[in-house]
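One chain, subunit A, links the two complexes that follow: it is found with subunit B in the first and with subunit C in the second.
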Partner chain A sequence: MARYVMSRLIQFVFVVFAAGAVVFVAVYVVSDPVRSMLPVGTPPDVVDQTRASLGLDRPLLEQLGHFMKGAITGDFGDSLWLGEPALGAVLDRVPATALLALTASLVGGLLGAIVGITVALNPGSKLDSMVQVTTYASISIAEFWLGLLLVVVFAARLGWLPTSGFDSPQSLVLPVVALGIRPFAHTVQVMRSAMLQEATKQYVVTARANGLTELSISLRHKLRNAASPVITVFMYDLGRVFVGTAVVIEVVFAWPGIGQLAVGGLERGDIFLVQAIVFVAAVITGGLNLVADLLYFALDPRTRALVGEAR
Partner chain B sequence: MRQFVHALSSSKITFVAVFLTVLFVVSSVGASLLLSSDDLNAADYDRVLEGPSWQGGNGGLLGTDRLGRSMFFRILAGLQTSYLVGLIAIVIGASVGIGIGLTAGYLGGRIDALLMRLTDVQLAFPALLMAMVVIGSIGGGALTVSVVLGLNSWMLYARVIRSIVLSMRQTDFIQALEAIGARPRRIMWSHLLPNSLGPLVAVGTIELARVMLAEASLSFVGLGVKAPAISLGAIMAEGRDYVVTQWWVTGFAGGALALAVLSLNITGSWLQRYLDPVDIALEDVAS
Partner chain C sequence: MKTIGRLAAVLLIFSVLSACQGGSSGGAEREGSDISIAISQTIPALDPQGSNDEVNALVSFGNVAEGLVAMSGDSDEVLPVLATKWEQVNPTTLRFSLREGVKFQNGEVFDAAAVEYSVKRMLTQQGPGNFAHYYAALAEDPVKIIDDHTVDIMTSAPAPTLLRNLTFLMIVPPKAAADATAFASKPVGTGPFALVKKTTDSVVLERNPSYWGDKPEASKVTLLSRPEAGSRVAALQAGEVDLAYDIPAAQSKSVPKYETTPGLETVLLRLDGRHGVTADLRVRQAINLAIDVEQLRTSLVTDDASASADGQIAAQGVFGHDDSLSAPTVDVDRAKALIKEAGATGKQLRLAVPQGRYSKGTDVCEAIVNELRAIGLDAKLEVLEYQAWLDAAFEKDGVEALFVGINADQRDLAQSLSAVVTASSDLSRFPADEFADVQSMIVKSGSTTDSSQREQELFALNKRITESAAFVPLYVPNIAWGAQEDISWDKRQDPRILLATVKFGSK
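Then we have the complex of A and B:
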């Protein structure tokens, strides 16, 4: 057990470290950050001055050391755009993104689980094939496009919901729908196939012979065994939404989260802000992955046995 | 081949999906061969933001954009960019993934553990955000986007081929090859790889769909394919300013992408079932 947790923790540290390394190479080695910061046509001496004042004229190895030290102490420098410590500015925006991502994943995942269990009771039915088509459509649509369509219909035409911003609970509805369809579709697919696979197991026959109803077999027996893959896909989607699709959706809905901050920072060549965002994002995805692994371990005794054997 | 066609025509939805994919690929490639970038980007100020003709507008089949350019041809050109970026990305992703997966599965032991841990790490990356940052720093463009997305999409191939190799390693024919002294490299590339191609093609199709959506997202936020190259994501971003009144620019660009991606996803999942008989058997039992 301790060894398993330890190996997962090491992996978590490695994810954060590797993400930092990729960003360092992209920002400092391959490109020239000062050029993207200053307007075109800035006199060369001003460019050099800026470079020196930001410490970007130092040898690469020294910059790497500085970068690493900053990452460990949480000091990424002041954001050039906002004029405040970069990490603080990012952390201020995390709750808004977290609210959006968690709500979308939970709503999508729960609805998906219910629909998945329902269609698995009657595979091959008309409802089943309708749901299948819906899930395929859901994973094929660009979320930001759906978001724009929702704004046109429900905000602009019908006027039921606000177009953008984050002032009231109603502001949450449209971005949650746009972000939630993918977790919904994935959960339906995984839940359906996991339940169908459980249906072939011997214990289901026994339960049926004992006179249990199909619904109770599904909810009390099959569901418990089918839960692991569903939780895995849920955690995976949560990570993807949090630091992936939410970034783009925040731009569509002017949502005050880290995604909007990232796009703004990149447009302004604000390398310190961008580094802080990647660091926070890597901690979030790495952390979610860690939680997923531990949950998997806690929920499914079979994993525990497996880890025990491996040791 | 005949068997393939027969299997294909037995499912109506799959048939339509494959047909649409072929139609989109051929017509988008055809359009960009026949029309130069200048033709596609030339403004026509007499036909600015005209609606589709079937809606009473004067903009041809799918309307015109802010500069009076035909949406029909711009969408075809955008699709061509999507397919091209996706194709380069999956070639890169598949090459890296196959190399890693084959090595891990066949050699096993410590190398396997190390490579699979690497796969886990890469899977836990904040992928889209990292792609944005890398492209934001080194500059956009179709090739950069393809390479960045490709280097971020090898994990699935690696996992799939590794699991196939693991199950095949104990088969008689691999054991026979080892017995006659075939080198590991030869066994991996000439025997294990050809026997894993089916599932890999299915994974590639579904990954192509995913990469096309990622490219559109990147271009939508201005960190992807840049003008004069035409991208569906960039078209949608441009049409966003007037999407409430002139919906057809963003509406059709996103609709075309959704249809193309949906067709690929359906084709891919059918290929998966068709090329992997074991899986079919399982599904038959289940349903």
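Then we have the complex of A and C:
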């Protein structure tokens, strides 16, 4: 166990730094960062001066070394646009994104699990096919569009909720709905098929022969075995929402999180800020994967056996 | 699991309930004379001297802080602010008489020493977005204090654009501004509004009780960052905000009031006068004759640009803009003849446009490509990501035609010239050999301090540039605001609002 955790931790650190290095190089390959941060038409000598003052005229390898050293000590330089330490600016905004991503994934995931278990009780029923169609539709909806639609209907027209911002518990509702719909639909589908798969297993037949009701078989026996893929999907969705979809939704709802910061930073060519964001995003994604792996470990004895064999 | 199920059900009911609690009033009524403004960007560092960033300029220039002089909102005129008057004592020296009895919001006194400190601090500003280079003309020791309320500002050579550039130089209190980091989150100036709070997505300003000028109507102003245009429109509809910046023309009917002013950026085609098919003057002339600029503006760009570019590279309101010029009359037959004469029939012309950066940019370019094909050129549209477009813009023998907006926010033709005409600018593809006189004309106009003489020199430059046919000036995009019906303010050509001019009408 300790060895497994250790090796996963080492992998985690490696992934984070590799992601950092890839982004660092990509920023250079794509274009000249100084060009994109200065207005078009800035005098050439000012451009050169800026490049030198930021150390961007040094050889790439030297800069990469500097970046790695900075990453270890948490110093990514000052954000050019916000005028404050880049990492601090990112960390200031992580809680807002975390609140949004966690709430959306949890609400979506829990509701999804309940609906998934329910429809798996009666596969092929009208309710089942209705849910199937709805979830496929939900997965295909662009969250960005859904978000705007929610704002137009529930905030601008009906005036029930604030249109955007981050100042009251009510302002959480619309972005959570927009973000939670996909985790919800995902979980319904995975939960349903995992439960149906378990339904043919020997232990279920035994339980049924013992006279247990379908509901109690589902909740007492099948659920634990079906949980593994659901957790995979949950963690995947959480990661996706956290460092992916939240970007668009934060822009739509003016949510002051890392997604909105990333958009602003990229628009202004603020490389130091972008690097800090990617680094933090890599830590979050890697961390979530790590948690998921450890959860399997706790939930499913078979994983433990597998790891044991492999080592 | 049952418990979890119940919990989830409770949560759901809870969220529905809290949704209903939000009330159906459709937004709050204005409290007293408070206003809130939705802006399109995140809140940056707010050092009044730190950057020319739109949000920083909106907060700082003329609201929290003030300069010696300020730019009129709708002309190239320079107005007195902290300086009551000024005179050109010799070609390299401007003498300013300072307003007396003015204090900064933190109690520090505004005097000649504060001016000297501010000018020197400006010159040491670093990092992108800094505009220390606006003041490159200043002498090594640029400020001389004559007495507490008189200062001389000196340049190393005659600099006719200095006064206009000084409208960007905010005067800051020496003690408070010494700690640059703290100052960027709590800037202090002499302006009518003091900053009380800055968060990651909002700025709160309050009326400065000891302001030297007229008392503004608004007592508290909240700026809210709302990056998505749709959210800003919705916030206006719901009555959450009183004003919202940057509302696309397509949404103009969805907001209570839609106000536009032509901005200071001219969108144009930069033709490469040095390479490719466009190196031939006849081809450039043909392109200028073939493109129906006004038709494009009125039928495609419509409400996003209410002003024509008048056939020149700097918009109305910029010093050097010549009202008597206009776009050439379309003459497709003559254009075809010129192309034939130049032997350019079937030759390649690539037109690069950045995706999503200019409203309707791609549509306009598609129409242009068709017009150029009609006169015999093998025109091809390249819709590029911003980064790739930037590369194309600076590449030495890149695309023959570039769709680009040239900003003249310093309100002087010299700024546009130095961006795209001056031979040393790396964005310039001006046929410098063919029109060698243009370079010397630019240099000469850069040291003429007599305003009316300089204006004539700039008019002459405008004519010469038109003759070179090196640009196809297309249109001037609007600055667009949405507002509640009862709000009015002095409209400006730059994306700013002087909050002291905001007035409340009867509802």
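Throughout what follows, the second predicted complex is superposed on the first by the 309 of 311 C-alpha atoms of A that agree within 3 Å, B and C clash if a C-alpha of one lies under 4 Å from a C-alpha of the other, contacts with A are read in each partner's own complex, and residues count from 1 in each chain.
In this section, contacts are C-beta pairs under 8 Å (C-beta built on N, C-alpha and C of every residue); 3 or more make two chains touch, one makes a residue touch a chain.
Note that this is a predicted model, so its numbers are computed, not measured.
Visitor: What does the overlay on subunit A give for subunit B and subunit C, a clash or a fit?
Guide: Clash - subunit B and subunit C, as placed by superposing on subunit A, overlap.
Visitor: For A:G286 in the superposed arrangement: first (subunit B), second (subunit C), both or neither?
Guide: first
Visitor: With both complexes superposed on chain A, which partner does A:T245 reach: first (subunit B), second (subunit C), both or neither?
Guide: Only subunit B; A:T245 stays clear of subunit C.
Visitor: Of the two partner chains, subunit B (first) and subunit C (second), which one does A:S164 touch, if any: first, second, both, or neither?
Guide: It touches subunit C, and subunit B stays clear.
Visitor: Return first, second, both or neither, reflecting whether A:L148 touches subunit B, subunit C, both chains, or no partner chain.
Guide: A:L148 contacts both subunit B and subunit C.
Visitor: Counting only touches as set out at the top, which of subunit B and subunit C does A:L82 meet: first, second, both, neither?
Guide: second
Visitor: Counting only touches as set out at the top, which of subunit B and subunit C does A:L9 meet: first, second, both, neither?
Guide: In the superposition, A:L9 touches no partner, neither subunit B nor subunit C.
Visitor: Go through the superposed model and pick first if A:A254 touches only subunit B, second if only subunit C, both, or neither.
Guide: Only subunit C is touched by A:A254; subunit B is not.
Visitor: Is A:V107 contacted by the first partner subunit B, the second partner subunit C, both or neither?
Guide: The answer is second: A:V107 touches subunit C but not subunit B.
Visitor: After the superposition on A, what does A:V22 contact: first (subunit B), second (subunit C), both or neither?
Guide: A:V22 contacts subunit B only, not subunit C.
Visitor: Using the superposition on chain A as set up above, list the residues of subunit A that contact both subunit B and subunit C.
Guide: On subunit A, the residues that contact subunit B in one structure and subunit C in the other are 30-31, 36, 148, 151-152, 156-157, 251-252, 263.
Visitor: Which positions of subunit A touch subunit C when the two form their complex?
Guide: 30-32, 34-44, 46-47, 50, 53-54, 78, 80-84, 92-93, 96, 107, 110-111, 114, 148, 151-152, 154-166, 169-170, 173, 176, 219, 223, 251-254, 256, 260-261, 263-264, 269
Visitor: Which part of subunit B faces subunit A closely enough to touch in the complex?
Guide: The contact residues of subunit B facing subunit A are 13, 117, 120-121, 123-130, 132-134, 136-139, 209, 213, 216-217, 220-223, 233, 236, 240, 243-244, 247, 250-251, 254, 257-258, 261-262, 264-266, 269, 282, 285-287.
Visitor: Contact residues on subunit C for subunit A in the complex?
Guide: 1-2, 4-5, 7-8, 11-12, 15, 18-27, 41-42, 44-45, 47, 50, 52-53, 126-129, 133, 181, 184-185, 199-201, 224-228, 230-231, 233-235, 237-238, 240, 386-388, 390-391, 393-394, 404-407, 415-416, 418-420, 424-427
Visitor: In the complex, go through subunit A and note every residue touching subunit B.
Guide: Listed in rising order, the residues are 11-12, 14-15, 18-19, 22-23, 26-27, 30-31, 33, 36, 123-124, 133, 136-137, 139-145, 148-149, 151-152, 156-157, 193, 196-197, 199-200, 239, 243-245, 247-248, 251-252, 262-263, 266-267, 271, 274, 277-278, 281-282, 284-286, 289.
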